Every structure is written in C-alpha cells, then in structure tokens.
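Have a look at this one before I ask anything.
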Amino acid sequence: MKRVDFFVSEREIERLCKAIRQAGAPGYSVMRHVTGWGVAGEISEAMDFSGLGANAHVVVFCDADAIAALQGVVRPLLERFGGVGFVSEAEKF
Amino acid sequence: MQSTLVLQNLLSAPVLFFFLGILAVVLGSDLEIPSPLPKLFSLYLLLAIGFKGGVELSHSGLGSMVLLTIAAAILMSLLVPISSFYILRPRLGADNAAAVAAAYGSISAVTFITAQSFLNVVKVPYDGFMVAALALMESPAIVVGVVMAKLAASRLEPSPGGPSGGKEPIPWPEVLREAFLNGSVFLLIGSLVIGGLVAYFSPSGVERMEPFTEKLFYGVLCFFLLDMGLVAAQRLRDLRQTGPFLVAFAIAAPIVHAFIGLLIARLLGLPQGDALLFMVLSASASYIAVPAAMRMTVPHANPSLYITTALGLTFPFNVVVGIPLYMALVQRFIPVA
Amino acid sequence: MQSTLVLQNLLSAPVLFFFLGILAVVLGSDLEIPSPLPKLFSLYLLLAIGFKGGVELSHSGLGSMVLLTIAAAILMSLLVPISSFYILRPRLGADNAAAVAAAYGSISAVTFITAQSFLNVVKVPYDGFMVAALALMESPAIVVGVVMAKLAASRLEPSPGGPSGGKEPIPWPEVLREAFLNGSVFLLIGSLVIGGLVAYFSPSGVERMEPFTEKLFYGVLCFFLLDMGLVAAQRLRDLRQTGPFLVAFAIAAPIVHAFIGLLIARLLGLPQGDALLFMVLSASASYIAVPAAMRMTVPHANPSLYITTALGLTFPFNVVVGIPLYMALVQRFIPVA
Amino acid sequence: MKRVDFFVSEREIERLCKAIRQAGAPGYSVMRHVTGWGVAGEISEAMDFSGLGANAHVVVFCDADAIAALQGVVRPLLERFGGVGFVSEAEKF
Amino acid sequence: MQSTLVLQNLLSAPVLFFFLGILAVVLGSDLEIPSPLPKLFSLYLLLAIGFKGGVELSHSGLGSMVLLTIAAAILMSLLVPISSFYILRPRLGADNAAAVAAAYGSISAVTFITAQSFLNVVKVPYDGFMVAALALMESPAIVVGVVMAKLAASRLEPSPGGPSGGKEPIPWPEVLREAFLNGSVFLLIGSLVIGGLVAYFSPSGVERMEPFTEKLFYGVLCFFLLDMGLVAAQRLRDLRQTGPFLVAFAIAAPIVHAFIGLLIARLLGLPQGDALLFMVLSASASYIAVPAAMRMTVPHANPSLYITTALGLTFPFNVVVGIPLYMALVQRFIPVA
Amino acid sequence: MKRVDFFVSEREIERLCKAIRQAGAPGYSVMRHVTGWGVAGEISEAMDFSGLGANAHVVVFCDADAIAALQGVVRPLLERFGGVGFVSEAEKF
C-alpha cells in the first residue's frame, strides 16, 4: 500500500480531489490552512481574507497499482497550477 | 488647505490603526489577527456596504445620472486594464501584465470605504448609488485581464514569465464564474439587491439592520485596517522581487487613473463627494477578487507581483496620501453643488 | 391574506440572505463563511435568545400557563420521536429511524428565531417564556431516540442499516450527557438562567447587555442564515441518497406536527404569537444538538440521512413556506387575545 | 520505529487519544478540521457550527512493539465509530 | 455590607458566565468556544479598553497625580516579581520561580475590566488614566523575570527544573521584544495612543467608535469570561502537578499584593475607584503576555506551573472573591473623595 | 528522498523554518493548531487567545544528504525549546 502527500493551493482542492476520485483511490483527507515555502516562494495565511487562501495538504492512502492512474490525472494539475507530491510506503493498521 | 486634509486623514482612527499594523511589522511585534478573523471583517464590510448601498439606491432610484455614472465606472474598469496591459507587457510578459492590469482595473472596497469615512470627517455628502458603481467595477477588469493574456498567448508570443498555455481557448465558464461569482463580488451585489428589496418592501427591516450594518461599521473598519497594515507591511518585504519599474507603476497608476476619474466626474457633473469616490474607484487596485481569480485563470502569472503592487504599495498610497490629495483636486476642479 | 404573509416573510432580510446562500451554491459561487465563524454566530444566537428569554421569564414569572405550556412542549418532544420512529423503522431500519425520529422530536433554534422575527414584522406579540419551551424540547427527543434504537436492537431485530451493537445495555451516562450537556443545549439553558438571575438581582446588567444581545441580533441572524443557505443547498446534493420516502417525510412531518401543535395551542388557550411559536417548535427538526448526539450514541445510523432531511429539506421548508402557512392557520383557528 | 496515522471523526478524538495513552505510546499529535472522503462518503466542515465537526488526523510515532497494543485498543473504536488507520516505517530524527 | 458586595459581584452577568464556563467543564459538557474566537474577544477587549483609556487620558491630561500613579504602578511591577522570585526559588528552582514571579508582577487585563464593570454596578467612579497604568505594568515584570533567571543561572546555581543555559548572556533584543512588542501589550498601548490622538484631533471619530468600543463591551466581556471559565476549569486538573505550596502562593499572593497596593493608593491619595483598580492591578497575575514571553526567554520553566497558578487559581480568586474583598477594604481605608 | 516531520510549539515556527532554509532544504510545509501529548505533557488550543498557541507540524521532503545539515541546525532548537522530529523514506510523486 502507498501513501501520497500533495501540497497545493487551497483554491485547487476541489479539482485535485475530483482527480483523485477519478483515479479510483478509495479515499483521501484534506488539511487546509497549510503555509509553506517552495519553488514559488513563501505562502502565508495573510491573504486568507481575500479568498486566495494558503496551501492544502491532501493525503491519499491507496494500492500501489493506483499510483499510475493518480499520476495520470494529477500531474497535469501540478504542472498547470503548481504544487508538489511525494509517495511513501504504508500498510493498513 | 491641502495639509489640513492630509492631517484630517492621518489622524482619523481607521488610518491610525492602519499605521499601527504597519508599525507592528516594522518593529517586529508578534501581533497577529489570526485567520479567519480578517475574513469575518471583510465579509461583514461587504455585506454592510452592499446593504446600505441597496437601501440608498432604493431611495434615490435609478435615474439617468445614476445610470450614466455606473456606465462610466464600467467603462473605466475596461479601459484601465487594457491600457495598463500594453504599458506592462514589454517588461513583465503577457501573463504578469494581464494580472497586474486586471488588479488596477478592478477596485478596492476598503479604499472606497476609507474614502467614505474621510468624507464623513470633512463633512462632504456623497450618494449611496456609488456603491453600485463599486460593485459593478470588480468583474469586468477580471474578464479583460484573462482575455488579454489569452489573446497575447494565442498570437504565439510566449511570455517570459513562463508557458501560458495559450493555444487553449478561453475557458469562458471558469472565467465568468471567477469574475462574477467570486465570493466577495457575489456577497456585495447580493447584499445590494437585498438592501434594495428590504428598503422597498419592509422598511422596518432596515431599521432593525442598522445597529449591525451602521453602528458597528466604523469599529470593524478600524480592526480590518489594523490587519491590512500588518499584511501590507509584510508585503513590502517582497519589493525586491517586484523591481523599480513596478514600484513606479504602483504609485503613478493611481494618480493617473484618479486624474482621468476626475475628468469623467467633471464631465458627468458629479457633486464633490461622488467625484472623490469616483476618483478613488479609478485609482484603487484589487487585492481581494482579482488575486483569487487570476490564480485560477492565469496560473502562470506570479501572485507576488500583483499582490505586492496592489496591496503593498497602491493601497497604502491611496489610504494615506491619495485620498486627501484627490480631495484637494476635487475642491479645486469640482464646483460645490 | 395568506399571500401577503408569504411575501412579508420572503422579503424580510433574514430570509433573503438565506436565499442568497442557496443561490451561491446553485450558481457555483465560491462564497464561503469559513469555520469557525458559523459557530460564533450560532453560539451568539443561543446566548442571546437564552439571555433574553431568561429576562422575560423573570418578568412574567412561572405562572400555571407557563408551566402548562412547557409541559405540553416536553410532551410533544416525547410523542413526535416515538410516533416518527414507528413510521420510519420499516423503511430505514431501527438505527436510522431512531436518529431521524430524534431530529424531528427535537427543535431548530434558528427556525424559532426566524419565526420570532416574522412575528415582529407582522406585529403580533409573543411571550418570552416560549424560549424556555425551546430550551427544554431539545433533550428529551435525544433520549427517546437512543432508547428506541436500543430497545429495537435488544429485541434482536437487526436493523438493515448495519449492526447496532444492540446487546449492550443503554450507556445512560453518555446518553444523558449528550442529551442535556450538549454544548448548544447547555449554553441555551445556562444563558436562560443567567438572564433570569441578572434581571432579578441586577436589572442594570440587563441594560448593559442589550446592545449586544438585542441590537446586533437581527444582523447576526442574517449572517447566520446566509451560511445556513450555503449549507442547506450543499445538502440537497445528497438527496439521491435519501430517497423519495424520506423526502416526503421531511415535508409532511412538519405540516402534521405543526397541526398537532396548533390543536394543543388551542387547547391551552395560547395567544396567537405563542401559538405560532409552539407550532414552529413542533414542526422544526434539529440539526445542531441531535446530529452530534446521534453520532456518538447511535453511531451506525447514517448521518447524511438525518442531516439532509432536517437541514436540507425541513429547515428551508419551515423558514420559507412553513412559517407564513402556520401563521395563516393561527389567524384562522386561534382567536385574537 | 513506526508511524501510525488515524483519521476519525472530531467527536472521537478524546476516546481515541485515551486509547493511545492506554496502549503505552510515548506521545501523539492531533490535527482537527480535516475534511475528506471514504467509505462513509464525504465529510466537510459545513456542520462545524453544530458541534458535529469534521475529521481529525491523529499521528503516533511509537516503537514497533507498541503497534499490537495499539491495535488492541483502537481497532474496536474504528469499528464502532468509523475511521481508518495506516502504519509506516520511521526513525527518530 | 461585605456580603452585599460579594453578591453584587457574583450575580453580575460577566461573573455568572464565568461560572457557566466552569460548570460546563465540571459537568462534562462539550461546550467549546473554538479557536480563534477567544483571540477575537481578547483582541477586541484590548483594543476597546486601550482606545477608551486614551480618550479619557486625553481629557484628563497628564497631571502630576496621573504621573505619580503610573510611576507607582511601574514600581509595583518591579517589586512584586523580585520579592516573589526570592520566595519561590528555594522550592521551584530559578527558572520556574522567575516565570511565576513575572506572571504575578505583570497584570491581567480581564481582571481589571471585570473590576471596572464591578465599579459600574456599585456606582463608584474611576479614572480613565488607570488604563495607562495597566498598559505599563505588563512589560517590566517580564524583563525582571528574565533577568532574575539569568542572574541565578550565571551564579552557577543550576536550577532543579533543568538546565537553564545560564552561561549565555541575556539576549536583550529578544527579551525586550517579548516584553514590549508582545502582541497584546502592543495593541493595548497602540490603541491607547490612538484613542488619545483621535480624542484630541478629531473628536467626532470618538463618537463613531463608541457603538463598537463602548456598547458591545459588556456583552463581549461576558462571552470572553465564559471561555475563561472553560479554560480555568480545565487548568484545575493540573493542580496535582503544581503542589500545595504553589496553590497557597496563588491565593496568598493576590491578597498580600492587593494590601500593598491599598497602602500605596492611600499614600497617593487615590479616590476609591482608582484605589480598587490599583489593588486589582497589584493582585492580578498575567496569563496572556507572560506565558508567551516566558516560553521563549525562559524555555526551561514549566508552563503548566505559571499558567495554572495565574489562570487556574489567582484569576478565579480575584474575579469571584478578590474584587468584592478589596472593595470592602477600600471602603474601610480610603476616604470617599 | 527523505521525509522529516517536526512537532514544535507554534511560537518556534519562525526559528525552525529559518533553520530549515539554512540547511538547504528545497521547501517545507507548516500546519498550525496542532494539539498533542508528549514528554512535556498535554498541549491544547485553550491558550491560543494568549498568543502562546499550541503546536505546529512542519514537514520537509528533502534529499537524504540534507538530513545531516538539518540535524545540525534543528537539533539544538529541539533541545532548547522542546519538540520532536521523525524521519522516513519517500520519493517524488
């Protein structure tokens, strides 16, 4: 089983989650109000009042086979709107 | 005269709280107004000015002066982003130029509110229908910005800011949704309509709303400007990234746009208070509706460019220097009604 | 006559903001009132109606009419969930039937408040002690719901909704804590008692609370109903899951319960305003105290069933159609005092 | 060393944390206001005002031996009230 | 007489809401005021008392009585932490003693506000400049606390509480920033200055702020004290950790410090209302500015010690018993003006 | 590639993030409002109004070589101000 962590802009959550469902993952969890730093510089919560928001952390636990499908639908989003993803090993509790 | 106007503005509670926020960042205080409290204040201010504007619009009706002013406002919100785009593109590339242009074509509701509160201080009356102009100026500039970016990209002029995915057609449903159904635009227009309906059909409801929409307004504005001071000052750290050209633009644009606004106000025969508000609408730049919309529709534009200029430079300039400056011009060129 | 009542309700600010919230979801606006702001409004409304109710109760005292009305209200909050349970169980299984029944036996404070604000518009007076009835109707239905689920399970009638852990005895401490110490019930009852004590022992404190509990009330209600509109409209997407039977129940139940409420109000000799409030209490379903309590005490009930019916259907029905409809019935069957 | 991630309803946090302490874990961290999607459908923050809340993400870093104890006390909770758990490898920083 | 004072205090709305919060925890209710709402209330209260204090200070001016009182207040905020440190060190070690001492030398704004609201109930006037004393008493005690911890550590007396990194010099920039630029201190002093400026230069601005800073104040105080009750009661669970010595200190210290405050007030010739406020400032302990500052500057002190004593014991003691007790002493020893 | 999870007091976020940037990590993400339990006892959000805050969860995905540099700058902070860190394996998505 695999664990995938995405960090994307809060405004892309809906698009990303739709893609994850499309890829057939059995579930996901979303944490909003994430700040951070990356290629695009610093993201703070200061613009939250404007609806721009900060980042979100989206976690997906899924079978190793689902990763390819996930990459197919999610990578274009990350390329277009920014954000990063990481994969690690996991197993059911 | 002018120095009195400046002082009257500088020593008003909202502007002083704005300075307090800036000072907190400059001195390194850990003062913060944690999210989502700034959103609460911003939703409240939009709801309240929308409702009040609707009430006043329902009293004044939609006369030809009202319609002409609104038409002129929408015109400004189309002309400003187009002209700004052509000024900015050679330096910033199409995507960044389009996003900054959209910000300057659109408006800042808080600057508008601060100008209203300044008019109260200097005891110059203004009309409620100006809120309708405010509400209708937010969206067109967003559409213009996206169209400019796409047109530039489709002419195969790749922007230096990165790939702009230009071969794709304009995603109209998304663009229109971001422009017109953006949460803050939607709440403002919705409250305007509700204010109008309530004033017309159940006037006692207006009275019952007043303690909320009227009495609290000034205090919440102070609180929100405290936060705006914190946020604007943090943005100033990004100024290195923006470069001197954009800094100059961020100061020159509001002055030039205010001046054009003054000419139009004069042409329309607007009274002094409305003329100031028209200038402020023309001069202000959006950091609420536009960044959120640009993030989705022109994703390769760099947010720190359009947010820093609109929020870190133009907003403080307008609130601190611009409003009294424009008022001095109004007093000089607009006859007392 | 009736159509006037409907219009007076539809064109009041709170109901218009409720529509604005629904419209935002329907059109796909990204307007959102981020958590925990809705909680702030809901805590405020509970504190304010509790406090005001306590003040008025302290003025009116606990006469036999007050006690009778409260007793009748508690009776309703026992009868409704029992009868609803038997209607719903054949279709939904014991757990889901118990949870939906508990929701309909309990009440919606916001519907009650909207009805009060409607009575203000149509200038029909009502008594403060009705808030005590409101406060005391939340808990009994929760207890009944849990007991019904457990009784059904212990009779080895496994519910189709899943295993209900029925062989275990009723966890009374947990059930009673969820029913009576639930945050919203506790704050409402606590504020009621405090309002009574302050009115009795330090009346000047009542005056000092008024700007907060009275003046702001209408505006905060509008804000909260805007959020309720957003939430209710999102819930409507889950309607496929609920199926036509529950949809019919969600509309028929408030009408039937309101009618029973009308009969009781008539029997008790309640004046018109109180009769409307009694009907609304009977007709409304809980989406605050009950879901939280059911989640812990009947965990195998499906939350989307009881939340969607109570919040997505019955709440909008009562706020938009129910209140003026019940008022028309009141005007027909309850003599003017 | 193991890392365990739980996603449960916010209303079960106290129960879950008590179980984790009972199992002898050396610590845990709790993130609230998590939304998500799983067997039970979509969980949003829209009902937050009602006290129903959304999900919580609970992370426990503990020795591999502690996993069995953790499963003993936590699995019945997940079965009764819903929620999921995942395990992965980790080491002290 | 004294029992009347106690009852008048106990039956006021703010104190009753404080009890409601405690009761919620004791009974196991899930009532919670989710973060950051308590921060909203606390920011609001600081902004409002700062602003009001500044307005009143601008009316009264900085006469010699004002300056003397402020000087005495600052003196108290230096003496209390030094003496407390030497009492506490043998039992708690240097770091913990320094942190607890800083808490008791500093002040609790909410206790001060509750005392003001009590003076309103018993109709005893007080001066606005006392807010300046409040604002200036927060910081010195923090500096003293850090200096005491560092001095003790540098004398190579390792504290039992853990390593205190004592060989390092005092990090003055950090200490001063935590003491004087701490968000709550900064907002309070900033609002005080703004209140003074606005009252002096644009008095109409004061009027426009009033609905926000004056009218809402009492209600927000009630809401915040409800949360304080929840938090204080949760803290009581940590009492085992603190041990009987600190429990005794947490009750004895406010009484002793209030008495010293009474003597100073008498010497200064303060009127009754100001004398009570001076006593309350002396008696109260900080759980806002100090914990945040100590966490960073004396990181090896155990937060649960200084938070539990200041917030779990001394704060409820002062609010419930202390204020009427000190008032009884004032009525006995301070002549009516 | 490695994944590092830190849990520290919210008041140390700035210091920690500065150290992470100093260590040359390519990015990080910060989640605030984390409650939890550890050596120093229970940390709740109840003191949030005071500016003391709760915990923060800081996640860094970086190359294995960067771990040593990270330990060099971050360990002294954890020792001075408290907090814990854990490392696990990960790869780019």
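For reference, chains read A, B, C, D, E and F in written order, and residue numbers begin at 1 within each chain.
Rule of thumb we're sticking to: contacts are C-beta pairs under 8 Å (C-beta built on N, C-alpha and C of every residue); 3 or more make two chains touch, one makes a residue touch a chain.
Remember, it's a predicted structure, so these values are computed and weren't measured experimentally.
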{"item": "Most widely separated chain from subunit D, with each centre as the mean of CA atoms", "value": "B"}
{"item": "From subunit E, the most remote chain by mean C-alpha position", "value": "A"}
{"item": "Rounded Å distance, subunit A centre to subunit C centre (Cα mean)", "value": "39"}
{"item": "Length of the line joining the C-alpha centres of subunit B and subunit D, rounded to whole Å", "value": "45"}
{"item": "Where subunit F touches two or more other chains at once, by residue number", "value": "31, 33, 48, 51, 88-89"}
{"item": "Where subunit B touches two or more other chains at once, by residue number", "value": "30, 34-36, 39-40, 182-183, 211, 215-216, 292"}
{"item": "For the subunit E and subunit B complex, residues of the former touching the latter", "value": "35-36, 39-40, 43-44, 47, 51, 177, 181-183, 186-187, 190-191, 194, 197-198, 201-202, 204-205, 208-209, 211-213, 215-216, 292"}
{"item": "Complex contacts: residues of subunit C adjacent to subunit B", "value": "7-8, 11-13, 16-17, 20, 23-24, 27-37, 40, 120-121, 211, 215-216, 218-220, 222-223, 226"}
{"item": "Parts of subunit F lying in touch with subunit E, wherever the complex brings them together", "value": "9, 11, 33, 40-41, 44-53, 80-82"}
{"item": "Subunit F to subunit A touching residues, read off their complex", "value": "1, 3, 17, 21, 26-33, 59, 61, 88-93"}
{"item": "Of all residues in subunit D, those that touch subunit A in their complex", "value": "4-7, 31, 33-39, 55, 57, 70-71, 74-75, 78, 84-89"}
